[in-house]
Amino acid sequence: MSMFSWPIRVYWEDTDAGGIVFYANYLKFFERARTEWLRSKGVHQHSLKISTGGMFVVTDTALSYKLPARLDDELLVTAHITHAGRASMQLQQEAYKVVADEKILLCEGTIRIGWVNAGTLQPARIPSSILDVLK
Amino acid sequence: MSMFSWPIRVYWEDTDAGGIVFYANYLKFFERARTEWLRSKGVHQHSLKISTGGMFVVTDTALSYKLPARLDDELLVTAHITHAGRASMQLQQEAYKVVADEKILLCEGTIRIGWVNAGTLQPARIPSSILDVLK
Amino acid sequence: MSMFSWPIRVYWEDTDAGGIVFYANYLKFFERARTEWLRSKGVHQHSLKISTGGMFVVTDTALSYKLPARLDDELLVTAHITHAGRASMQLQQEAYKVVADEKILLCEGTIRIGWVNAGTLQPARIPSSILDVLK
Amino acid sequence: MSMFSWPIRVYWEDTDAGGIVFYANYLKFFERARTEWLRSKGVHQHSLKISTGGMFVVTDTALSYKLPARLDDELLVTAHITHAGRASMQLQQEAYKVVADEKILLCEGTIRIGWVNAGTLQPARIPSSILDVLK
């Protein structure tokens, strides 16, 4: 099975005074890749919120930062589901720097996601129509 | 009349690879100062949204960046209302760097703010209860 | 002459509790489009900083927010140079929402950019090799 | 031993279209609290970078999100060192929402930090002058 990946360019907004990508921004990069992975499966989160009244929320993140990225770097960010249950799902994600034909691992992590009622923010079961698509 | 001002410290998150505060972040600093200026007048935006169903939205921003700020710098950000009408208000704001007893102007700008129905996002009149407090 | 434009997708990170794109983030969107416009002309800012010891800095921004964007919206952001001098250049930029085949104007603005020595941050003349490419 | 804690107010910039604080921003809140904890011990990171040529970098983050925060909420963020070695240190951090006299846990996590040469970004030993202060 091929791994979903999404290209992300590093802009000024992503960097900090250390001259590198600010570590918190990898959570944004991972989110963008997850969103595009969902979109590739026909799951559009804004429509979903309107149609189901629910939304995904991130409940746990564990990231490990290996090597820094710099302004103008071209990254490739992956998303791979490792668990999908009624109450939560878990993904493994990586960010690579693309240099010529080589991919250098910069950051990897695990993201756990739950589902809540968008109004009350109370945890709820992930709609089975979504789980069917993601599995 | 004394000018409202709010202290803001520069953290890693605020800087970019140029070694200075990323210019877009002055809009955040100005927003924080406006929020605290409103709070100082008893206007709490989250409560306001719930009680009135409306919220402020920024419609125009014009900023001029004079000198850079760096990590760990201590800034002082002002907010001063220059116009308050039924449909919009306008503020003049400055960000200063505080060094010893001196204030060095880093950035100044004008922010125009309207009022919308939080559900429909349609423009509406600023509630007179708020205007009375702000004038 | 065709206008340079760059597609930008709205993610969770771009939105605020008003349910719309946080206005300060249009400065990021405009920056991304300018960076890609420069890249399309062979100007890579990170390499430039290393090779010339200088970098662009934003000195003035004036934005007008017309209509809101929401999560999952697909935007198109333009960049168009309106002035290029030895000490500064100015761009006109717009952000459109793309719906079917229609483009709806969300935000437009003017950005003025100078050039500084990356070490001292002192203003300097834009290298003529860059100006030649941009004009 | 008393725990270091730092007050943080939730602004528009911190929230997302779910109506709550965007989870990635807790890394920023934790960073602010660590920076102020360091400052309370006389460690100023910008001066440190200039004087030692080195800087802290975050190498691992593991966060668990318990309950959401909203616009205008007043948070209290703690920082507590749990390990300090020559190559890295580890902190336990929590973010609480303050309601009346009660503190409600919103988010907790572990942050591991290393030290690098600011020019080469190569890992290096944390200067003993800093370790002495932190232990």
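Structure notes:
Note that the chains take the letters A, B, C and D in the order they are written out, and that residue 1 is the start of every chain.
In this text, a contact is a pair of C-beta atoms (placed from the backbone, for glycine too) under 8 Å apart; a residue touches a chain by one contact, two chains touch by 3 or more.
Just so you know, these numbers come straight off a predicted model, no measurement behind them.
Taking the CA centroid of chain D as reference, the farthest chain centroid is that of C.
Remark: among chain pairs B-C and A-C, B-C carries the greater number of C-beta contacts. Measuring from the averaged C-alpha position of chain A to that of chain C gives a distance of 26 Å. Mean C-alpha positions place chain A and chain B at a centre distance of 32 Å.
Residue positions 12-13, 17-20, 24, 28, 31, 46, 70-71 of chain D are each in touch with at least two other chains. Remark: chain C residues 12-13, 15-20, 22, 24, 70-71 touch chain D in the complex.
Those residues of chain A that touch chain C in the complex are listed here as 9, 11-13, 28, 31-32, 35-36, 44-47, 49, 70-72. Only residues 17-20, 23-25, 27-28, 31, 46, 55, 57-65, 68, 118, 121 of chain D touch chain A when the two sit together in their complex.
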